[in-house]
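See structure below.
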Amino acid sequence: MEAAAAGQGTGFLRVEGVSKRYGQTLAVDDISLSITKNEIFALLGSSGCGKSTLLRMIAGFETPSAGRIVLDGEDMTRVSPHHRPTNMMFQSYALFPHLTVRENVAFGLRQIRPALPRGTIDARVDALLDLVQLRPLATRKPSELSGGQQQRVALARSLAREPKLLLLDEPLSALDKKIRQRTQLELVELIRRVGVTCIMVTHDQEEAMAMADRIGIMSPHGTLLQVGAPGEVYEHPRTRYIAGFVGETNLFEGRFESGRLACPGLPQPLALPAGTATPEGTPAWLSVRPERITLHGSDPGEQAGNRIAGRVGGIAYLGSHSIIQVEIGGGRTVTTDHAAGALAQRTPATGEAVWVAWPPENGVVLTQ
Amino acid sequence: MNALLRLLARGRLWVDALPWGWMLLFFAAPFALIAGVSLSTSELSIPPYIWPLREEGGSWQFLPDLSSYERLWDEVLALLSAGGELEYLGAYGNALLLAALTTLGCLLAGYPFAWRIARAGEQWRNTLLLLVMLPFWTSFLLRVFAWMGLLDSSEVGLVNQLLLGLGLVDEPLQLLYNRGAVLIGMIYSYLPFMVLPLYANLVKLDQRLLEAARDLGASGWTTFVHVTLPLSRRGIVAGSMLVFIPAVGEFVIPDLLGGGGVMLIGRKIWDDFGPNQDWPMAAAVAVVMVAVLVVPIITLYHAQRDEGRRR
Amino acid sequence: MSTARHGWGSTAWMLFVYAFLYLPLVCLVVFSFTAGEITTQLSGLSLRWYEALFSDAEIGAAVLLSLRIAALAATTAVIIGTAAALVLVHWPALRGNQLLAGLTTAPMVLPDVVIGLALVLLFTHPWMQWLGGRGVTAIWIAHTTLCTAYVSIVVQSRLAEMDRSLEEAALDLGCLPAKVFFVVTAPVIAPALAAGWLLAFTLSMDDFVLAAMLSSPGSTTLPVLIFARLHHGLKPEINALATMIVLVVSTVVFGAHLASSRARRRRLAAAAAARAEPA
């Protein structure tokens, strides 16, 4: 399995066969993965899939029921959180309300024994505050900061001790949508500048795709489904769940028939990407992303690849792009996505007869 | 074993042990003593009882003396056969009645009061609550003393001074040393115990529910009966229990304002403990009192737990 | 406060109840200034009863004793009550927690007489004589046991509201587990600790039944003294005492209230200003 093969034995952080059981429920089910140094890794999954539990085990707040966690060669599985070289940025930021920004950031440094000289601590805090551009607000208390400012303090605080591993728990979920996109890029830039290995946990697939070097997708049952770079996961999902979870997709269900996919209700079997294994009669699915499908007023002909006739159902105009649903009979819909200006002529009207088409290599065959 | 060691190392055990240790020694053990003493024989000694578990004839024996409970049981029989003096049962009955009336009075007076505070603007609420608590924080004996002065049955009683001065009466009214005075004093003292839980409950009441009811055509009274009252049920229960249970044992206020005319069970315990030096009897009475209160105590526990969950 | 919105009736009732609550206090204060000997008649104005109060050695001793016991009991109650609250809130599934919750809150709910009797039995027991029998220590212990119940409730409520990740964050940043309470938890729940202490202090100062049942010569608290004097007929000296108590309590309570509401208003204003800034 690809997940297991992801660098066992190598890797800055190695999670080996980790499970977590609460009574009868298995929150995390035999997960193994390997993170390389200075990588930004995102654990992506729906709510309750166990990703936060896994993160907390890496941080030390939970102990695995089975498996090992090895960081930079040291077995961390049973080490208490205050002894681990990891630091976490909490979803609620968890800034100490009774301390100022400066004192919050300095907190971790003050815990170090033997005690660091005051000057060293102050200098480091200053450097961190400059990094997140909050130096002028150093004497404020957390309640006197906006959400974005609080987030930056939380980040500075978690970087103060120069951890080997930085853990981010849904770092942007508390922010407004507009600020989120800008913060995504800022956050990545900061992390790269500091040069720290980072694992983030999120349910927002756009966030994971935008920020991470590699993504690990977790199923709702606590297992790891696929690990890979964002492009890899998006273009070549391994299961239907992943295809549907990461972005939107159209799924055609059928059986292999002479090198094509015969789908009930479709007039012709669908052509598949070259080189796909097609054992005769095996059930399979074809995933086609909406933006890979083109709309035509009339039958575009054999050279367009797979073609299906239908009628325009719903149109959602979203400014930079439009989503057009096409009903192809049998109650089924194909979703297409067109960037503004990509539609050859004008936008089709609801109910209009159209053809959807895509070249065979734009689809992905899934057997799970 | 490992878990225990880790607990010890982390100091968690000490944090847990402290309240346990204290409560076991200074609360659970004393109540075990009450149970034991209730089965003891009164004796002129220090302490004035003979413990039921003692060495006799070379071995430890458990020799309970049930005479205290027998006395109480005799009264029950006397009650059923409608004859004989009901010293203790009478005192129980009086105490339960007084506690019930006090609870009712506090509820009637306190509910609209708590309601109004809960509906006040947010910046006023804390001040209003503080004003409720303030008298509570000054000596309760002195406040009862003040009521004695207010209700004094001679012409120096303040109320009497007012009535005489206004010419409403010719002679001072007998306002003190009767059940009315006691009830006023009780309601006065226990009101905060009713108001606070009620307030805590009412303040969480969503105003929009009431507006929805009005919007659907309900009158003020109907809204109150069918929306507000059911939703404040837990607050009412909590407040009532917090008044009723301690009030059953109250005897200081009735003594000062009632002149000792009505015998209450708290007073009985006090007398048996003090002047009568009959500790086994006092203990037996206490055991029965707690047994009688078990049901309200459990009701309160459930009400508080549910209220806490609702948060 | 818009009376029109709430209805004339309930506001009137509220004011009436307030008047009811404060009537005895007002009477006590007013008649403390009488020049005569009757506590309910104002025959001239004078401060003679305040002079009598301050030169009354018995009252002075009782006040000091009560203050000492109350301060001690409040402090002990806060320690034990907070420990109980920590256990009940942080480790809710711990075995025996329901029983602990019951034990800690039972004193709050049982009649004083019963608790008093139970504790007297304890302190007069031959095995417990190392505690010194009845007296100041016994009263302190009794008050602590009673007040722990109230403190525990107050602190539990605040603890439950506190963001648990604060403590986890402290651990994550390298703080030793034992230190976390003092460095993070305590400052955050400080208002509850203070409220609990004050509540315990008041309860202890005002308790009569327990102090009376556990008293011994030389351990007369203020309520016990007042009660004894109440039966012998009283002079307006007692009004002077009441007025002093009212004065001290009001000053402390309103001082604290003003200070905290001013601090809160400042914080809210700063927070609002921060939100108006560009992130």
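Letters A, B and C name the chains as they come in the text, with residue numbers starting at 1 for each one.
Note that in this section a residue touches a chain if its C-beta (ideal position, glycine included) is under 8 Å from a C-beta of that chain, and two chains touch if they have at least 3 such contacts.
Just so we're clear, the structure is a prediction, and the values are computed from it rather than from any experiment.
S.K.: Of all the chains shown, whose C-alpha centre falls nearest the centre of every protein C-alpha atom combined?
M.R.: Per-chain C-alpha centroids ranked by distance to the global centroid put C first.
S.K.: If you take the mean of the Cα atoms for each chain, which one ends up farthest from chain B?
M.R.: Centroid comparison gives A as the farthest chain from chain B.
S.K.: Let me have the rounded angstrom distance from the C-alpha centre of chain A over to the C-alpha centre of chain C, please.
M.R.: Here chain A and chain C have centroids separated by 54 Å.
S.K.: Report the inter-centroid distance (CA atoms only) between chain B and chain C in whole Å.
M.R.: Result: the chain centres lie 18 Å from each other.
S.K.: With centres defined as the mean C-alpha position, give me the chain A-chain B separation in Å.
M.R.: From the centre of chain A to the centre of chain B is 59 Å.
S.K.: So which bits of chain C are touching at least two other chains?
M.R.: Where chain C meets two or more other chains at a single residue, that happens at 177.
S.K.: Can you check the complex and tell me which residues of chain C touch chain A?
M.R.: Contact set of chain C toward chain A: 163, 165-166, 168-177, 184, 187-188, 190, 267, 270-271, 273-275, 277, 279.
S.K.: Spell out the part of chain C that touches chain B in their complex, as residue ranges.
M.R.: Chain C residues touching chain B: 1, 6, 9-11, 13-14, 17-18, 20-25, 27-28, 31, 38-41, 79-81, 83-84, 86-87, 91, 94, 96, 100, 102-104, 106-107, 109-115, 117-122, 124-126, 141-142, 144-145, 148, 152, 160, 177-178, 202, 205-206, 208-209, 213, 222-223, 226-227, 230, 234, 238, 241-242, 245-246, 249-250, 253-254, 257, 261.
S.K.: Under the touch definition given earlier, write down the residues of chain A that touch chain C in their complex.
M.R.: Chain A reaches chain C through residues 59-61, 80-83, 86-88, 90-92, 94, 96-98, 107-108, 111-112, 140-141, 143-149, 157-158, 160-161, 179.
S.K.: Name, in rising order, each residue of chain B that touches chain C in their complex.
M.R.: The touching residues are 10-12, 15-16, 18-20, 22-24, 26-31, 33-34, 37, 46-47, 109-110, 112-113, 115-117, 119-121, 124, 126-127, 130-143, 145-147, 149-150, 152, 156-158, 161, 188, 191, 241-242, 245-252, 256, 266, 269-270, 273, 279, 282-283, 286, 289-290, 293, 297, 300-301, 308, 311.
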